[in-house]
Amino acid sequence: MWTIENYPIKELASGENLSINTYTIKGHAGPHIHIQASVHGAELQGNAVILQLMEKLKNKKINGSITFIPLANPYATNNKHGTYTYGRYNPVTGDNWNRNYVDVVKASGFDMQQFVADNKSLPWHELRLVFKAELDHIIDSHIQKLVDKRLLAENNKLNLILQKLAAKADGVLDLHTGPVATRYLYSAEYEKEISYYLKFKHILVIPDEFGGAMDEAAFMPWVHLRNELEKHGRDITLDIESFTLEFGSEESFCMEDADKDVESILNYLKYKGVLEEEPESFSGYVCKLADYRTLFSPHGGLVDYHFKPGDRFKENDVLASFYQFKNLDPQDPIQSSRQQFKATTDGIIINRCPSSAVHQGMELYQVMTNLEEFQL
Amino acid sequence: MWTIENYPIKELASGENLSINTYTIKGHAGPHIHIQASVHGAELQGNAVILQLMEKLKNKKINGSITFIPLANPYATNNKHGTYTYGRYNPVTGDNWNRNYVDVVKASGFDMQQFVADNKSLPWHELRLVFKAELDHIIDSHIQKLVDKRLLAENNKLNLILQKLAAKADGVLDLHTGPVATRYLYSAEYEKEISYYLKFKHILVIPDEFGGAMDEAAFMPWVHLRNELEKHGRDITLDIESFTLEFGSEESFCMEDADKDVESILNYLKYKGVLEEEPESFSGYVCKLADYRTLFSPHGGLVDYHFKPGDRFKENDVLASFYQFKNLDPQDPIQSSRQQFKATTDGIIINRCPSSAVHQGMELYQVMTNLEEFQL
Amino acid sequence: MWTIENYPIKELASGENLSINTYTIKGHAGPHIHIQASVHGAELQGNAVILQLMEKLKNKKINGSITFIPLANPYATNNKHGTYTYGRYNPVTGDNWNRNYVDVVKASGFDMQQFVADNKSLPWHELRLVFKAELDHIIDSHIQKLVDKRLLAENNKLNLILQKLAAKADGVLDLHTGPVATRYLYSAEYEKEISYYLKFKHILVIPDEFGGAMDEAAFMPWVHLRNELEKHGRDITLDIESFTLEFGSEESFCMEDADKDVESILNYLKYKGVLEEEPESFSGYVCKLADYRTLFSPHGGLVDYHFKPGDRFKENDVLASFYQFKNLDPQDPIQSSRQQFKATTDGIIINRCPSSAVHQGMELYQVMTNLEEFQL
Amino acid sequence: MWTIENYPIKELASGENLSINTYTIKGHAGPHIHIQASVHGAELQGNAVILQLMEKLKNKKINGSITFIPLANPYATNNKHGTYTYGRYNPVTGDNWNRNYVDVVKASGFDMQQFVADNKSLPWHELRLVFKAELDHIIDSHIQKLVDKRLLAENNKLNLILQKLAAKADGVLDLHTGPVATRYLYSAEYEKEISYYLKFKHILVIPDEFGGAMDEAAFMPWVHLRNELEKHGRDITLDIESFTLEFGSEESFCMEDADKDVESILNYLKYKGVLEEEPESFSGYVCKLADYRTLFSPHGGLVDYHFKPGDRFKENDVLASFYQFKNLDPQDPIQSSRQQFKATTDGIIINRCPSSAVHQGMELYQVMTNLEEFQL
């Protein structure tokens, strides 16, 4: 029922070889789901969610299969500067670990026109299979090409292994967290309605485009296929999804919270038919990427945050106060050293900077504005 | 009433010169109090406490004088690795910023025997003045010697400037925080009873000895003097104190919390007679340094912390659970990957590691055991 | 003759404000040259070159004007992790300091079509002036827009100030270094022949396109203008250049080397007519960006580099040996632990990794292949 | 003939377990030599020396045994901040990896008086054996005590394993490098004459005391024993040595250099009788620790180093020039921005800072003064 595979992903200077494990459970016929956690090394809660999910599946009947990859980027999780985990960027190159995936269909020069010309009449469930097989081949060739040309940089290797694994899936869930954050998810435009089944109160809708992240790398081949099929007059509704789920704040691992967090994925598994139960209904808020705003710090100073992730705010609310000690007049200490940072719109706090020592230009908050309600 | 002075403390490679400001308020005759914050760059709450204290003093009558030094180590506060502040250690040398102060009486080779022989018959209030003048001179000479020999390393300069300023004081308060911490303070043995006036629930009593920290650097000259006087048969009760106050967790700056935190220092100022009110009574717990234990992590893994700073625990309580994914059996995921970390004594959690990604041997918790109650 | 201006570029958490100085010398009528150094904080040699250049200009007659900006990114130069300078990436965001400039014409939505329609008949020397004035306005508006929307992230501020200053220039020289590197420069396709006057032996030719770097940010507005003019049938030869000059290795500052390095810029100033002497002839090698290859490390291990920057190599030469101690057989220690890294083409070493402790996937060498000789 | 053993030394957050390998060659009866490299993670050359030494031993007859431990601290070697290896300090605690060894005789409370009382009449070769057995037991007990009390911090584990291995040896060689450095070694006072056999031109003589380093941790038990035996009127000449050998600069691994470096150790093996050849004679310079001076930077700025490791200098020589751009007068650029750093004594450069971007107070040079010649 369970199979475990080990993939070496990075040989270190000392000769140790870091690796990832995949844990796959297979049941009756059904879709394949791919769930990974901790591509950003400090984002740990997804691993707790995976454990809870495995636990819930103990005595459940499964249709299809699920692959779990906890601690998908051990190099990043092990990388400490002080007690904190420097896990968002490759410490050598500064690269964001979730911006170096590849739009393999494009990068490989795959001839999608020809593929669609050849296969456009297949029923979708067959076409899907044929294309998955193609994808597997495309990624293998792409890796081999990079190896041959010595262009396989460290991010590529890990990224392409994960992409290859995810390319087999009908549902890809990439488990992340924010810095100090509420729970929210990223959904592509085309899969927005399905994302509601994940029971996240805050949904960020991104275009069906590529920006280097895992979720995009997983859905882009299908988007390219859909677009090409459209040109041939065939409209299909993609039944393959890829989401990034943000389970709260980084550096935290809490099994008790995970016990609630896991409900989101269970509901999605019900929707997908992997679990034979009715998915539950849900309501929350949707925000378009264009309305998701990073508020950069206009000053340097010490920051008193007045709102926390999940809080709603109104235009003109004081979101934070900056204290600039170089301006301090001891006769009027608070007033003289304080500058207030006010909201220019209504919205909801999603992320905030985990430190109160802030340089000018740092990310202070990320907020959703122009929220729309959704109801499943 | 207020005077502001600026001290350059570090010229940077780019040529900028970082500096600290001292803000001194003087009233009628009375003791001098020295209050500094943020020698560890990520420990910010002391600055909020200073602001609130200045605010409270706005219309108060003062006996004596108080010097405030917010952001006493700007280089450390500005030092970022990721969004967090790498503020505990000098990034170049690894030195803990609060372990490089100097026991100046010893380091300078000051002839305490001669000094006491010459001055032992002075009344204490005069002897105190004479010794303060000596101390000022000792520190100046020590700095000059290091400059001449090109031995003034970066920590020394900042440390010695702060020591020189503190050497004028009858009360020194060094405002720190823990990593993720409850509020507690460090008191030397000789000043334990006075520390109760600071209204901290948890008091850690350290020996009257030198270990490199600011509080020790400030009280050691007086301890040396007291010890030498004792040899001449004169017992004095030191009325000069030096405490390290730990105001919660690092990276946090909260004016609302500071409004409560400041009550501690106000009460001390009342005790010292700087403010003309009766100090309030208080009760809490005292722990000896030998009973203050760092619990190092016996494993590497992801940690679920079951207790938070301020919580009391009993022997055999599970303080934390480690999840080691390399041991994971997907058929029994939680049980197979979990190792429990149990308390071997009763105690109270003071600090915990701010990350759940923990390597073997890292500091997991710091706890007080064998607590004694105190009642002021 | 000289004017000095100061621009604050980053307010720090502690309240200090880092700033840059511009030093401008003005002579008779003539072109304006912009020279900046150390946008990457560890790349120091350009500052020595600036000093030597200022020194050479002491008693020289100048046509036009030159602006010098040494230490253009003090935050990056001051950022230490250990004794080395972590100066290539923003320590908070991982962003490469030289990849966040803006293609302002595009980003601002400037109506180039209209502009060219309005001004296409102007003689080039006038059109150039009019467009420079436009550019200045475009950048100001772009900055204001970001400020208003609180989107001025830390890199933006510094980058846009530098772009605004460079937008006034007829020649922009951005002084960098490699990690461990030989001297080489980046030239756009359109300015290739002029780059020869800079007397660098190795010239890397990049397309007339935008990739986020300073040199591109400075020439892109002119490339856009040229392209639009072409559509209107007007072919112009751009006489505004922008180059990145790589003066050897990072962390090094050597005035003696700079005394030779400065000859390159002096020759360019002669070509531009800023100095009234005949430029000297020169010969060297040109490589297209497509032939400039990063060789990523196929293994982890300790590396013995057999070639150094500036060295030529042949196909099948052993460029480096990897020693992997986990493979060590003590009976045949060298053979068993060694893997050889061979060249697959002829070429010349430009950069190499400054450390022999190398993880799989790290950049080992950057090499030029398919070199063409040039002769001025 | 060869045995290989593996010791896990650190379980990481991701669950990987870093380990070290020992490679031991045994021949006929004779002394045991312990050779380790890279306790500081960026100090790589010792590993090349170990490989070359193993290679030389291929067909040699050995008396006694040698244990090799290459890459003795893999966590440190793998720790990157940028392309450089942050290998000198534990990134979590700031601890210097070579300052946390333990003076086990003292730390364990071993009753040396009793031991000497019991064994003082044994012939030295027997006493040596008995004490080695004691030592092994002392270290085991000490480790167990730390484990039981959860006091085994991460440095302790690695350090104590290495100490336990070294405690079996009659000669301990800890292979290090400086930052940018010449070749030199540390010898204790008692073993000074023997250190000459190592054929290092520069010998730094340290007291027979404990300061936390490996070499000291290895010789201190014997120094304690010798001192106690002296009290009982028995003078012994210790024939157990422990040296720190500094093989040039960090980040470098060069087998060609190692081929020469290895001559030093081969000569020592001859002296010890492990190899059956006559050791060669040698001459060089000795400097006492008190005459080994760190020159701290009196300014911040860019530094032009005029001397390199191995160079001799005279009083008043300009060792380095500082360039402070905030002082720059463009009319007299070099003169106005330069400050010269002059030698106050004669001496020889041993180490220098690897970066020219230097903050006030950083270590600029380490120099030997008052050199004495030695002749073997």
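When the chains are written out, they are named A, B, C and D in that same order, and each has its own residue count from 1.
Convention: contacts are C-beta pairs under 8 Å (C-beta built on N, C-alpha and C of every residue); 3 or more make two chains touch, one makes a residue touch a chain.
Please read all numbers here as calculations on a predicted model, not as lab measurements.
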By Cα centroid distance, the chain farthest from subunit C is B
Considering B-D alongside B-C, which chain pair is linked by more C-beta pairs in contact? B-D
As a quick test, compute the distance in whole Å between the mean CA positions of subunit C and subunit D. 41
Measuring centre to centre with CA averages, how many angstrom lie between subunit B and subunit C? 47
From the mean C-alpha coordinate of subunit B to that of subunit D, what's the distance rounded to whole Å? 35
Per-residue overlap in subunit D, given as positions that touch at least 2 other chains: 12-16, 71, 77-78, 80-83, 85, 88-89, 92, 302, 325-326, 357, 359, 362-363
List the residues on subunit D that touch subunit B in their complex, please. 10-17, 75, 81, 88-90, 92-96, 147, 149-157, 293-296, 298-302, 324-327, 344, 357-363
Going by the contact rule set out above, which residues of subunit D touch subunit C in the complex? 2, 4, 21, 23, 25, 41-42, 44, 47-48, 51-52, 54-55, 58, 68, 70-71, 77-78, 80-89, 179, 251-256, 302-304, 321, 323, 325-326, 328, 330-334, 337, 353-357, 359, 362-363
In the complex of these two chains, what residues of subunit D are touching subunit A? 12-16, 18-19, 71, 74, 77-83, 85, 91-92
